[in-house]
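Here chain A shows up in two complexes: once beside chain B, once beside chain C.
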Partner chain A sequence: MSARRIGVYICYCGGNISDYVDCEKVRNAIAGEEGVVVAKTTMFACSDASQQEIIEDIQQQKLDGMVVASCSPTLHLFTFRGVANRAGLNPYLYVQVNLREQCSWAHTDVPAQATEKAVHLVRAGIAKARLTESLDKIRIDTVPRALVVGGGIAGLRAALALSDLGISVFVAEKSEKVGGWVAEMGRMYPHERRGSDLIAKLVEEIGARENIKVFTHAELTAKSGSVGDFSVQLSVADQTIPLNVGTIVVTTGFGSYEPAPGEFGYGTEGVLTLPEFKRLLDESKGPLVYRGKPVNSIVYVYCVGSRGSSKKEKPNTYCSRYCCNAAMHASSVAHDLSPSLHQFHLFRDIRTYGKYELLYEEARSKGAVFLKFDEQQPPEVEKVDGHFRVQLKDQLTFGDEIQIESDLVVLVTGMEARADKSLNDVLKLPLGLDNFFKEIHPKLRPVETVIDGVFIAGAAQAPRNSAESVASALAATAKSAALLKKGYVELEPLVAVVDTEACTWCSECVCTCPYAAIEKVTAGSKEVAQINSALCKGCGCCVPACPKGALGVKGYTDRQIRAMIDAMGASHE
Partner chain B sequence: MALVNPSFLQEVKASKEFNATACMNCGVCSAVCPLEIDLLPRKLFRYVLLGLEDKVLENTPVIYQCLLCKMCEANCTADVNIAENIRFLRSYIGRKLYKL
Partner chain C sequence: MEQGGGTAAQEFRPEILVFSTATISDIGVDLAGSSHLHYPPTAVAIPLPCSSGVRPDWVLYALTHGFDGVFIAADGTDCPFVPDCTDRTAKLVGRTQDLLREHGIPPQRLKMAAICSVCAESFQKHMKYFFEEIKKLGPSTKAG
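So, the complex of A and B:
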């Protein structure tokens, strides 16, 4: 007989479950299970009244295990762990069974079988509960320092904001100076301020802070430890600098798409990428001149290197988002320099979203003309007698074929992820299909990564303009500070453990761990695997890899899983 | 193949009367035109905006068919001075084609 005292609660979910599953029948079927001392049904297990009743049962009946058969743990695992906690029961002695998504909603057409399945699932839950053990959260004291990797506008702004909050910051910038792309820019949208001025101001402010240290020519070469307490190594010029930081904010920015030779005439003198054209504008004081020749007309070709448009092997399929805006803005700047300039914008779609619609309006009112081409029939660029001849079918002129002569062709090139393998060998951050760093959840956890304590922001994460880059940098700052200011972090204890008796350090498991949580240690006279429980996510990937059966995950032990399978398969008729 | 003619563009841009840059190609004008002329003025303005002088001159008869009744102008959602713009084109054609 089990010595455990388990309470089981079967929820109607106000009909969501009980309309299809006969909850009373389920209760009767499991009431006599080994270890079960309370078996009840309830209209809403999550209601205040039911929670109170469960708490009273736990205390009066001296329960040491608890099963709620209700909805998905995604919805209410933490609710019922909270109930256990308030009753003085260790929350990890609680097991949730999902009758709603897995029985009633899934089998609306066969209520009898839905009920039968529910009985099996609850029995399995009870079997698991019989083998639960009390666990405590893993607590890690945090170091009140942060590392910012990449000193562009996003990284610099994050550094200042962290410093404002009393957190010491190290900035590691790979190139010879900070500021990224923006440092090189003149007039920028939407405020017409010079990029170089913006960066100069940030740099001045950073210089005045005692708790910010900037390293240039610096690269992150090693990282160990875990959230709140990372040991990192910077290689700065020829030196190696060890640092101890609590969080890492990655703001390494983007690269610009480089067209293939011959792509819309690329490689011919006078065919410029958007950054090259922007530089030409920024360097011009009066009417536009290119290589000694006055510029009277410009053709822009949009979406180059974005949205599947590329002569390269693997075209980028995403929209780079900044380029419609930047091209419109460039067009207005060019007009201001040379008011008699003729500018033709050959686009697929205009995506000057939100208030940037004003940039479109401004370019148009300054005389820019827009022609729309079909992606299947891109414009053709040819150089004839020192001029470009561009031909396209303009969908806005009812598909007429139109030929434009121009002095310059500007390829409105997109943003790309920086191909920085050495950094990612250290950070091991997941990348999206677009190769930019990937967040945990685009809406709900937009700057967090699967590596706790490592945040991403700016154009390293997705194509972004500076305002959006800074906004995300400040979000990453807030997330960092929330972690560091508390002084400690608490992590789920449902992590892998090694049976050091059985382990022979064959190292089979090491490469299976997506979080690099497995390391070698010496235990007595032999080498064995050890799990860094702050890094381990309890995913279980390592467990089946071990030829000695030395690995297990707390809360999901082999014994528990076997007991659940046995309980599920057992016949009780 | 229609060719963009920069000097025609220059002239259109220099004009104070011609405000067809505001046209968003919606087609309301063509729908309400009592003459049921398919070209006027949405397609015509596109030709002018792009500087396709040949296309404009090719359509001289149509430009002169317009009654200047302003049905289109009254219904235009973008406040294009359609009738005024047609007058501008007639004067241009008068100078260019008939050397008036």
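So, the complex of A and C:
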């Protein structure tokens, strides 16, 4: 006997469902189910009129459960939770049944069987709804402070922007000074300003802010708490500094690909990576000289360490994005230093995207020559009598064998994720297949990670130039501020729970939780597991680990799953 | 509309329970539907947050309460929660198959595959194939 009062609404979806599923038949089949007091069909459940009708039913019939059998929950779960909410019904007493994507549309060929399936699905929804409970969002007060990990251009710009919004910022920089790669750079594209000047200006501005504190030689060594209220520990020189912050922005940047010995002659004097060549340019005042010898010609080899090109065991498969642009720019800077220089660019594809096409134009107009090689037949570099001899088959002239003599070979090396295991042991952020930090979704939820309150930005996320790094840093700032300025956050209550009667604190579950949300507490006279609901993401991967069956996730409880199985399976016995 | 295990063997249409995941594989199952990729209508899905949260005794329960096969549509590497979710789910499947053997149920009644949010065709293929495989096994035993 269920004392529940459930309203069930079966949607025609204007024919999308009712053309294949006999909705009236479904309604008649379920109208007598235990606990069902309202069973209706509707042309469009999501229309204003239908929503209003549902609200009236909830109020007049004193419903304490609601099922809408319509489209996929990805479309309207929140719509109908909203309807429940407006009617004064707790939104977690609502269950959505997917009759369109997973029934009518999938079985347009067999309407009778689709109708039969629809009945099962709606029955399962009702069975689940009978076991729903009212839940409240988890509310956490936030601390108006942020921690920025990594003081490169992305981190410094994030710190200033947060400070502008009235949020206090701590910057933790691992090395002896802030600024990252850009601090070491001379002329940069596209603005032709010196990187070191840009950073000096940012550092000066930060120095003038009372609400920014920069720590150098600093590393994040511990993190606990959750979104809005993290307790973190920095190890600064040999001191430990505890801090309390509401959000964490991770801007730890990138590493540069280091070629394998012998990869396009790497290891031989005169074969330089792109950062090494950039340094040579930045240090030159007049015509280019390398180790005391004038440089008259340069060969550039593109995509080294990117797009599958590598002598290493696991080549990076992605395009590093910045290197075509940076190599074109370097070529123009080199020309400006030594106008008689001969420059040969051996590329696979030129990816000077968007306005950076101008860099390509400029390099060409300064006399650079472009030759295209096939990835299956990369150029060969040898050193003969103090000079390089580079051979390739040029695809632009239908595979002509070309030999070039040069003084320097520049390997246009890509970006790599920093191999910083100790940081991620603390942060526990998911990494992509490319080993960079992974955002939840590049379009729907950029810069957010699965750890609420921890954002990623800059080249720590993916290969990026400095403008792109700063843009993402400002996105992370905006998201941090949106969270902290409100004063509190609300989290989904669909988290794991422990049945303390059944739990014996065998601790089997503890290590299964990727978010370290399971802790030991004393309940009465015994020790049991407890879920920190602010840390728990409700994934449920701890659930099968419990030998006592003491764990469950709200909204997906053991009783609910079995009831759904009964509702759908029993009818076939 | 009456069908199922008891009657003539040629009419046997295996009932398949799919454990999908709300944010990834269920979206792939949706896409199969919105692309009108037909698969056996006796397959029904219960979405969970993550496939590594399927309890072995749920599978046993399903196979003794009207279902003839259980298919776990795992997230593959896309899982937003658990980075090693596929490995965990695979281990779980192993554990569950042991449990099924203990109860005299052929372990082939449980199958797992990674279904991503755009894996509509792969889901359809898996369903059709699994349906035929289970058909060969005949109806699963009932509770008792």
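Keep in mind that, in the parts below, the second predicted complex is superposed on the first by the 568 of 573 C-alpha atoms of A that agree within 3 Å, B and C clash if a C-alpha of one lies under 4 Å from a C-alpha of the other, contacts with A are read in each partner's own complex, and residues count from 1 in each chain.
The criterion applied here is as follows: a contact is a pair of C-beta atoms (placed from the backbone, for glycine too) under 8 Å apart; a residue touches a chain by one contact, two chains touch by 3 or more.
These numbers come from a predicted model, not from an experiment.
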item	value
Which superposed partner A:Q403 touches (first chain B, second chain C, both, neither)	first
Which superposed partner A:D394 touches (first chain B, second chain C, both, neither)	first
Which superposed partner A:L444 touches (first chain B, second chain C, both, neither)	neither
First, second, both or neither for A:A3, with chain B first and chain C second	neither
Touched partner set for A:L371, first chain B, second chain C, both or neither	first
Partner chain(s) touched by A:A237 [first = chain B, second = chain C, both, neither]	neither
In the superposition, chain B vs chain C on chain A residues touched	C
Set of chain A residues, in rising order, touched by both chain B and chain C	none
In the complex, chain C residues that touch chain A	1, 3-5, 15, 17, 22, 26-27, 29-34, 36-39, 41-42, 44-50, 52-58, 61-62, 65-67, 77, 80-83, 85, 88, 92, 95, 142
Touching residues on chain B, where the partner in the complex is chain A	1-4, 6, 9-10, 13, 21, 25, 43, 46-47, 49-52, 55
Chain A residues within the chain B interface of the complex	296-297, 340, 342, 344, 364-365, 367, 369, 371, 391, 394, 396-398, 400-405
Parts of chain A lying in touch with chain C, wherever the complex brings them together	72-74, 98, 100-110, 112-114, 116-117, 120-121, 124, 430-431, 433, 440, 450, 494, 512, 514, 537-544, 549, 553, 556, 558, 561-562, 564-566, 568-573
